[in-house]
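In the two assemblies presented below, chain A is common to both, partnered first by chain B and then by chain C.
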Partner chain A sequence: MKTINWKDVIKKAVIYLIVGSGALLMIVPFLWMLSSSLQTSHQVNLRPPVWFPNPPQWGNYQRILHYAPYFPRYFLNNIIVASVGTILELSTSILAAFAFSRLKFWGRDVVFYILLATMMIPAEIMLIPNFLTIVRLGWLDTYQALIIPWSASILSIFLLRQFFLGIPDSLSHAAKVDGCRNFRFLWAVMVPLARPALVTIALLSIISSWNAFLWPLIVTNSHNMRTLPLGLALFRGEAGTFFELLMAASVVVVLPMVILFVIMQKHIVASVSRSGLKG
Partner chain B sequence: MKKVLMAVAGVLLMFALAACGGNDSADSIDGFDPDNRSVVEIEFWHAMTGAHEEGIQRIIDAFHAQNPYVRVNAMFQGNYGQLSNQIMLNDLANNLPHIAQATVSDVTRYMVDGMILSLNMFMNDPNVGISQAELNDIGAGFRATSVFDGEWYSLPFSKSVRVLFYNRDMFNAAGVAVPGTWAELLVAAEALTNEDEGIVGFSFENAHDMEFVAKLFQLGGTYLDEDTNETVFASQAGIDAMRFVMDLINSPYGRTAGADGFNSGVFGRGDIAMYIGSSAGLPHVTGAVADTFDWGVAPTPSTNGNRAVEFAGNDLVLFDNSNHSLEERIGAWEFMAFTLRPEIAAQWAIDSGYVPVTYAAAELPMFQNFLAANPRAAAATYSLPYGFFRTRHVQGGAVRTILMEEMDEIRFEITTIEAGMARAQQRANEELARGR
Partner chain C sequence: MDVHLKNITMSFQSAGSNVIAVNNFSATIKSGEMVSLLGPSGCGKSTTLMMLAGLYRPTEGQIFFGDTDVTKVDAEKRGIGMVFQNYALYPHMSVYKNIMFPLKMMKVKKPEANKKVEEVARLVQIEHLLDRKPAQLSGGQQQRVAIARALVKEPKLLLLDEPLSNLDARLRLETREEIRRIQLKVGITAVFVTHDQEEAMSISDRIILMKDGLLQQVSPPQEMYRRPVNVFAAEFIGNPPINMLDNLPDYGGKLVGIRAEHFHVSDAGMFQGEVTHMETIGRDTLIRVTGANGVSVRTFADAETRVRLGDAVHLSVKPENIHVFDKTSGERVGEGA
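Now for the complex of A and B:
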């Protein structure tokens, strides 16, 4: 007869309690966002809060379009900026990380450390110089202005370089014996092996791009080029906030990230467990 | 209706009394041929959202219908602070728009920095100018912040005043009349407070420095002396005004919006019986109350028969940018002047909830009909003759921040009223001296 190990049971119960409480804390704001997006402007202000609005105000999602008719355009812009920006960042990071980890050239480490040193400069200090560069290039209110300045990331290069350094040299030697040149070796061997790190970098890039507010605000002027976080500002006026519409719009903004997380869940867990990196 | 007519009459009187000075310059536009024009595009940066943004587009559509040579592109640039930052940033890059909304202190800052054009040249042009009568039609309170040494640098556009929102059902149940004075407000707040039900009689918005300044002016005090470039709000009148505000906030029948940010939500759920806030908050209150009780809007209280209510809002300015051609500047001016046309200003006031900025707009039957059908909008119009701007000083924002910081110290009894006021004034004067 199997005996119950009470010590084990209690240990697990405590762990589940702690993890469950953490999960609840994390999910409550999302549930509140979803609930208030379906409330009237009266209900959303009530205390104690209404968790299950009856009837749910599905029309709030339609009212977003009335209040902010450019919201679909903002959504499209976010997808374009996040996807193209991420592809570019991955491309530049892979190439730069490979160069800094595998290629031998004069001053390689010095250049790398100089690049690392730039991470010490607060982004706010670079805001005006970067803005002036964009103006002189004639890129104001264009996709280039939204994408190009963020198409290379020192952090991503650093993370990937460290990952590449962990890949044994013997693989490189074996590939060369088989006739692989550097690019082929990078593409066929290094990139597949670095997939956990690449997933992490891609997620960090997508999230930061999706949520960016200040840079899109200053380099875009027209509704045609604006992005979703700027769209959320439309629901806050000088004398009050339309919380139910703001929450409905927030659901629209957050939903793609949730879907992305569900799709990529396996890879995210793998990337965290294998690389020790987290988003 | 009688009150509404009296309000309009008051506005008429105010504008009639104010009909002096203004556009007496002999400037006009050299090199402008009205018979040989090409189509130009104008950028108009604003901070308006929702119904306000729709109202702006309606003005633009009406303008386009009458002016085939000018295309105006309205561009939302975030809230007022973000719009102001955008303008300073784009000034560095010589990339300013043609027109933008600007707060009163921003108008002064842009004027001092040479970023905006004097409008006199355009006003006096026989082809695109506007008459002296039209200028005199602008409210005196609004003109005061637009004219510097006889030169016009802005035109009033989106202006709001403070009004008293009250829960009529609660007032009726308690048998309390709508207060006309601060003393009556204290009595009403006490009578309407029900601690068992969590109802507080009166609430200030978080920006309750506006009520302090209104009370200061009603008690005969002033805020900032432009001649000496020093604040003077720590006078006896200022101390009395501050004591009144703090006593009310810290009493059981007074509070602030606090974490709610604005009082519309607090009011809508019945936690307070009345509050003073911006007339621009009407749509938010309408939504928050949602017909769950009857409510009204009244002018803010007076002191000893003295009415004073602070204006808030924005003007339109025309930027001096070397990238803008003369034709573009003229087109931009034409649009600015277009917003002053009575039917346009009246429609904008109806669409936005802002107060009409000209006498003629307030007088139009369409606006009077609107007031008759929407009595809650009448309180703001009634308050127009009593409106003031505390200062148009370029550092007005910095001084206000200092005052609000010290008000927090006073409120939480970290310092006394006298010491806090003295320190606020000293800090503000040091700030003004640094920027002299």
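Now for the complex of A and C:
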């Protein structure tokens, strides 16, 4: 007969309880957002809250456009800024990481450590100088202003450099003997091998760009250049907040990130555990 | 294609001090021969290979491929094949793509390249593995792939950097024979770096023995075994190691080297002592004989003589098998008399 090991059962129960309550804590605000987005403006303000609106107000999603007609444009802007920015960040990271890990030049490590040290400067300190630079360049209210300042990241360079350093020298020697120059070696061998690290970098870049609020707020004025997080602010008027619409819009904003996460889940876990980065 | 190394010196800056890895080294590797660069770790053999490959640039001296001075030619342009200790296969590419890679760099046309890959795969007997990734192969198979990749562009010179060190003993023997078979079949000039004297003895036409960046001896394996030019060469080559005796009656002020198999247990001889250790490995019985002054030598016991532990024995040796070295310089000064 199989005996029940009570110690194991209790241990498991405790673990599930802790993990489960953590999961609940994460998902409740999300469900609340979803539920609120389907309620009437009256239901949203009820105490105790309504969890299952009946009938669900799908019309809220149409009304987003009524209150914020530029919403599709914001969406497009977000996609442009996030994708172009991420591609640029990947390119600069790959090139810089290659230089800092494989090329030999005078002062290489010193330069790298100086760059690394800049990570200790809080982003807020850089806000005004960056803004002034954008103004001087005449880039206010342009895509360049939204993208260029974020097209290189020291963290990404650092992550990738560490990954590149882990690739054995003999591989680059073999490639050289095979007739492959540095640049070709980078694209044909290093980049494919660094895919886990590149996925991490791409995801971090997409998420931070997608959710960016402060920088787009100060460098854009027109509806044509604004991004989604700014768009959400439109639902908070002087006369009060349209919570059901704000929540519906929030669902629209969050949805692409959720889909991205579901698709990339396996890669994210693999890359985070491989790169030793805590997400 | 003959390869000439002329007065090669290579020094590295390491922690502020200047380390000379290879010191005024000259050698010639003849066309079609397999030469081993042999020596203990840190003797400069791998550095020499790297300079032949063009991956390191010598501080001084010149390297010639045939009549062409290639000293300043980059590795990419030298047209050599190289096999590494850890195989250095591209992990994300299939075996087929790995072998194809050098041809792709040379922009060889697809049909011709396909044919070449298949040919070389047949040569190293990995035709059935072409679709696999390197991680799905055993060490021996990976090394075959590496050899195929090195040979596919039909280089004039093949460099092998300790290609057997990561293999287990049985596979090492097998791959060693395989490398020699392929080298003879292709007729390519090859340089083989190893720290294992047995490997060097078995595989090469000639051995270049190095120590501390300095060339010690260049000769065919058997000659190096029979006529070591100095104490280092005598001690490095051969297993069990040569017996080095000091202050023998007839050889005052000299060092005397006698290989284990050249001693014979007999009724009278130059060395006498007690059998203090015996071990039988396969067909050989290795014994250790310790003399009255505490000096001991290793030798083999014949099956007929039936020595036992504790026996008092005499060991004789033919004069031509006695190597005499100068005590201070370590240089060979002659044979026994």
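One rule holds in what follows: the second predicted complex is superposed on the first by the 263 of 279 C-alpha atoms of A that agree within 3 Å, B and C clash if a C-alpha of one lies under 4 Å from a C-alpha of the other, contacts with A are read in each partner's own complex, and residues count from 1 in each chain.
As a working rule, a residue touches a chain if its C-beta (ideal position, glycine included) is under 8 Å from a C-beta of that chain, and two chains touch if they have at least 3 such contacts.
Owing to the predicted nature of the structure, the values given are computational and were not obtained by experimental measurement.
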>> Quick check on the superposition: with chain A as the shared anchor, is it clash or fit for chain B versus chain C?
In response: fit
> Given the touch rule stated above, what does A:K104 touch, chain B (first), chain C (second), both, or neither?
Replying inline: neither
>> After the superposition on A, what does A:V189 contact: first (chain B), second (chain C), both or neither?
In response: second
>> For A:K266, using the defined touch cut-off, is the partner it touches chain B, chain C, both, or neither? Pick first, second, both or neither.
In response: neither
> Could you give the angle made at the Cα centre of chain A by the lines to the Cα centres of chain B and chain C, to the nearest 10°?
Replying inline: 160
>> Of the two partners chain B and chain C, which one touches more residues belonging to chain A?
In response: B
> Once the shared chain is lined up, is A:V177 touching chain B (first), chain C (second), both, or neither of them?
Replying inline: second
> Now for A:P168: first (chain B), second (chain C), both, or neither, which partner does it touch?
Replying inline: second
>> Output check: A:I218 vs chain B and chain C. Expected answer is one of first, second, both, neither. What do you get?
In response: first
>> Output check: A:K7 vs chain B and chain C. Expected answer is one of first, second, both, neither. What do you get?
In response: neither
> With both complexes placed on chain A, how many Å separate the closest C-alpha atoms of chain B and chain C?
Replying inline: 50
> Any idea which chain C residues touch chain A in the complex?
Replying inline: 50, 53-55, 74-82, 84-86, 88-92, 101-102, 105-106, 149-150, 153
>> So in the complex, the part of chain A that touches chain B is made up of which residues?
In response: 40-42, 44-47, 67-68, 128, 131-132, 135-136, 140, 217-218, 221-223, 230, 233-243
> Of all residues in chain B, which touch chain A in the complex?
Replying inline: 43, 45, 47, 49-50, 52-53, 73, 75-80, 82, 85-86, 89, 92-95, 97, 160, 260-262, 264-266, 268-269, 271, 277-278, 280-281, 283-285, 287-290, 292
> Which residues of chain A touch chain C in their complex?
Replying inline: 168, 170-171, 173-181, 184, 188-189, 192-193
